[in-house]
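Consider the two complexes below, in which chain A is the common component and chain B and chain C are the respective partners.
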Partner chain A sequence: MDNVIALTASGIASGAVLAIAALGFLVLHNATGVVNFAHGDLITLGAYLGVWATTDLGLPVLPGYLLALLVMAAVGLLIERTAFAPLRKKPLIVVVIATLAAATVIRGLIAVWQGSTPKTLPSPAGDGALRIAGATIAHQRLLIVAVAAVAVVALLLLFGRTSFGRQVRALATDPDTARLQGVRTKAIGMAAFVISSVLAGLAGLLVAPLGAVDLNLGFGLMITAFAAAVLGGFGSLTGVVLGALAIGLIEQLVGGLLFPSYSTMLAPIVLFLVIVFRPQGLVNVTRSRL
Partner chain B sequence: MRKRPLLATILCLPLLLAGACGDSGDEGGGTEQTIKLVGLWEIKGESSQAINDYHDGALLAVEDINAAGGIMGRKVVLDRVAIDPLNPQKATSQFLEAVDKDPDMLIGFPSATALISAKGQIDRSGIPLIATASASTALRFGSAGASEWAWYVQPYDEFKNQAAVRYVLEDLKATKVGLMGTNEAYGTTNIKSQTALLQQKGLTPFASRTYDATATDLTQHVLAMKGADAVISFTFPNPLAIEMKQFLQNGIDVPVFSSSSATLAVNNKLLTGEPLKNLHAVVPCDPASSTDAKVKAFGEKYKTKFNEVATSLAAGSYDAVWIAKAAIEKAGGTDPAAIKKAMTEINVTGNVICSGSYKADAAHMMNRDMAIVQYAADGSSKEIKRYTFEELPAATS
Partner chain C sequence: MSTVQIDPEAPAVQPAPRPPLWFLRPQPHDRRRHLLAIAAFVVVVALAGPAIGGTSRANQFLVNLWMMYSVAAIGFYWIFGLAGRFAFCQTFMMAFGGYLSAWVTREGYPFIAGIGVAMATTAVAAGIVGTLVRKAQHFYFAIATFAVTQVGIIVFARADGFTGPNGQTVGIGAPELFGYVFRRDAEVFWLFLGVLAACLVVGALIERSPMRREAISARDNFTVAHLAGVRANRVHIVLFMLGSALGGLSGAMIGHWQGVMGSDSFGIDLTIGLFLILLLGGSDSLWGPVIGSAVFVALPKLLSDIERFGSIVYGVLLLAVVLALPNGIAESVRRLLQRVSSKGAGDAAG
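Showing the complex of A and B:
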């Protein structure tokens, strides 16, 4: 029983990180139509910025994390200005390829800046763990769930209760009509890149203290987050959060208890099954835009 | 010795007398005054997995050799070409770049897979190579992937598995041995080998778990080891750090045996404090914990020069340069065929660090030593067991 509790907690924490990463995908996709393949490297960059702020600059952990997120916002804006804005009138495939180029540039710059030696990122939660009914749950995983919950609520409020959110939803539903209605697509695009980049950075900062920071940190997370976004319908905020939690729990519980040799394959299998049997995802997107 | 046409020799005679048209009597790219070695490895920043250990170890050896008068009175020059360990096709073309530098000997090639793919080019180059790659079964001389021009300073891979399994069974008296590793060739091949070794002793693995090398959560894998007497986990430094932290967090108090990844995880401070107390490394040597005066001096010099703790990889690279020196001296020059012959005859014992002696067996393996190193929570390490394995015959297929 203690194993089930530990695996459930681990699955929820995994799902929470995936949710933050997948929401970054979602916000950008709905506002601009772009699937950003630099998202994985932005996750990695967020973790490295955390290392830079807390280790190189010597800032306390929380101010260090905040500085890292501020820099991530600036990076998001920079990517929008250099890899998206000049290509706004180009076919979507060109923009998507530009995001791949941005990924390569980001990875290369990190390698030059920080080298290839793995680093460690301190966490405000420390290395301790909580014992619940015989199961051990790391403080960091509890922090991940708490921060993800706050982030999801903040995004729900942003997209449900503000003018910005209504404009993004309008763009996601019908971009042409939204433009005719006066939605400021350029400003929305810039804001979406900033929010997406900050969410990627946050995912990196939350997951890095569990292990080590290296150049490959974000790539695997991006792929699994993509699966979560597809599972959730790639349009619905609630759907993506549910999809992420489902992926996290499937990997940990189903993988850990039933198919230990195949746990890493479960997310791609789920992605494949969803695409084949329910391409609209778990939540009906036409009724639930963000 | 290359035979020069008579006419060219006559035409060159005046200049030869002037000392400007001389031939050292050797093949290779060194000059009359120098011997040229080319290192085949990356340094930090050239890829996500690049480390400086190979280059720094070799650099130190070159400095030591030159300070002692060089090789046969000739100064040693170390050049370098970055070899991508994860891209065999690219590594092969990079190898050709190294050949273009016209070296007297080659040292390096840290990736076994890349080395196998470059086998044809190594054969054609006809330049002796002392490889620093993990000496996998496919590199054992006589195998299809092994070059007649390559020798290995890292012990045969199988020795690492044998040492780990022998230690947990014989010294720890473990009967429930868990196996972990990455889900690519490195992890799965070792788990397969460890499983076979356990089966030879009438045991089956307590549990076997593989995971992605970029995994950030190993809860299910770690929990599967609950109840094991020992865990053998030949993995990469990052997932090893996650493993050790999660073993501690889940209250699983079990000794874990890893490879040189343990050293790298400790040196890079991926692991500090309590998670270290159950960690062991199965490595050819541990310069950081050696009590041998020569090895300690090497470790201190390395630390002073590069501000890093010397690993077994750095020591292996250092030793490879000394082996090259011995081979060239035995050959009486840099003629490749003579060096090739010398490589089968030399027994290098003098200045080397990572093994008591380097002597090539029929499989071209030069190092048969393997040590079990135990870490403490303060980051210090101690060699607790040393194995010396028998010479290997050449592969028959």
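Showing the complex of A and C:
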């Protein structure tokens, strides 16, 4: 029983991180139409920036994390300016390939900058753990759930209640009409890249203290986040959050209890099956996107 | 009674004079021209390959690798260039083909059987995947094939009985045909040249076939092509199968040549590399993959002084290619020749 509780808590925390990662590329996809294959490497970069700020610069954990997120915002802007803006009028496939190029460059830069030796990132929640019915739940996992909840609520407010959110939703629903109505696509695109990068960095910062920080940290998370986004219908915030939680719980509970050696396979399998049998996702939102 | 007078000496129609540099002017697809070009290519490589490879073992390695990457890239050209399917699983097919062929020969069957099984199985696997996700377009297809690759990599790493401990198969037998064993890299060169030539010939036949036209029409406008009677899904699946079979062939050949097989050699870097090869060479020409592979293989040698920055250079190059040469080297050369020949014709007329 304690194992089930621990795995459930782990699944919820995993789902929370996935939700942040998946929302990152959902925002970008809906604002620009681009699926960003550099998202995984942005997650990795966020974790490494945390290591740099807290270990190399010696900043306290929270200011270090904030600095990392600020740098991530600048990186997002840089990617938009170098790998997206010059290709705005090119076919979408070319833009996607440019995101692959950006992924390669980011990974290469991290390898040159930090080397390939795994690093550790301190957690703001410390190394403590909570015991519930015999199960041990790390404080970091509770922090992840809390931060993810705040981030999701903030995004819901941003996209539901602000002018920026309405413009993004208009672009996601009908880009051409939105442009004709005066939606500022360039500014929205830049903002979407910044928000997406910050969310990727946040996901990296949250997940890194649970294990080692290495070059592959974000790649696996990106694939699982893809699965969550597709499962959630690739259109609605709520759908993606539910999809992320479902994937996190499936990975931890089904994988942890039944197939411990193959638990990392479950997300790609779910992703493939959803595309085959229900490509519109399990949560189909046709009236309102985001 | 009237008679029709026939002029016994009607003036013969004079053929239009050929403009200067007419042979540089791009011609419509012609199977014989393609085959002649392939023959010329084989002769040039047969002369230049041993000369380059003879200078050092490293160079011979690169020449051989270029030919096998070209084979995989031709397959990818059919999938991505012609069918427009954004597939992330070509390197998975390479690894799958390599493991399959190694396994078949380990069971005591000959090399050629291993190659046949590798090609057939990868084609069938692609057929199954392609059929299952036939309705998935663009990113969904990309993500689905991405998922297949991830599952494959995990299975390869864990299925010790098939792939060896940690996905490393060692001691794979050297290629052998009709009792002749290709042991040295210089010997393998001739085998690879034959394989590449055969793939190019098949490619030339496809270039002139209705399948190419149907694939391109379906790629450019699926709905219109479908309404016009093109069996778009079928054409895409067939090209996906053929392209994946070449991936399997390439992986199997590399495995037998190197004697070892590891899925980490066919990871995301090579996947991105295949995109780079096709974009660099040109995704609208059969020669694009061959040219792109040559650049891709030669780059690490040219950039050996900045080896640490290899992946950064690849990424920047990919971005630069997308921006500066959106049609690739092959198409840029074709346009340049067209401009030169048009200018020559203009000068002659003036």
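Quick notes on this structure:
We adopt the following convention: the second predicted complex is superposed on the first by the 285 of 290 C-alpha atoms of A that agree within 3 Å, B and C clash if a C-alpha of one lies under 4 Å from a C-alpha of the other, contacts with A are read in each partner's own complex, and residues count from 1 in each chain.
Please note the rule applied: contacts are C-beta pairs under 8 Å (C-beta built on N, C-alpha and C of every residue); 3 or more make two chains touch, one makes a residue touch a chain.
Computed from a predicted structure; not experimentally measured.
Contact with both chain B and chain C is seen for A:A111 once the two complexes are overlaid on the shared chain. Within the superposed three-chain model, A:V35 lies in touch with chain C and out of touch with chain B [touch as defined at top].
By the touch criterion defined above, A:P279 reaches chain C but does not reach chain B. Looking at the shared chain after the overlay, A:A85 reaches neither chain B nor chain C. Judged by the touch definition given at the top, the superposed model places A:L157 against neither chain B nor chain C. After overlaying the two complexes on the shared chain, residue contacts for A:L258 are found with neither chain B nor chain C.
When the two structures are aligned on the shared chain, A:A146 is found in touch with neither chain B nor chain C. In the superposition on chain A, A:F226 makes contact with chain C only, not with chain B. In the overlay built on the shared chain, the residue A:I132 is in contact with neither chain B nor chain C. Applying the stated touch rule to the two superposed structures, the overlap between the chain B and chain C interfaces on chain A comprises residues 107, 111-112, 219, 261, 264.
Partner chain B is touched in their complex by these residues of chain A: 3, 6-7, 10, 13-14, 17, 107, 111-112, 115-120, 127, 129, 131, 136, 138, 207, 210-212, 214-217, 219-221, 252, 255-257, 260-261, 263-264.
Per the touch definition, chain C reaches chain A in the complex via residues 86, 132-133, 135-136, 138-140, 142-144, 146-148, 150-151, 154-155, 158, 268-269, 272, 275, 279, 308-316, 318-319, 322-323, 326. Considering their complex, residues 35, 82-83, 86-87, 90, 92-94, 96-98, 100-109, 111-112, 219, 223, 226-227, 230, 261-262, 264-265, 268-269, 271-272, 275-276, 279 of chain A touch chain C.
Within the complex formed with chain A, the residues of chain B that make contact are 44-51, 183, 207-217, 219-221, 223-224, 226, 237-239, 241-242, 245-246, 248-251, 268-270, 273.
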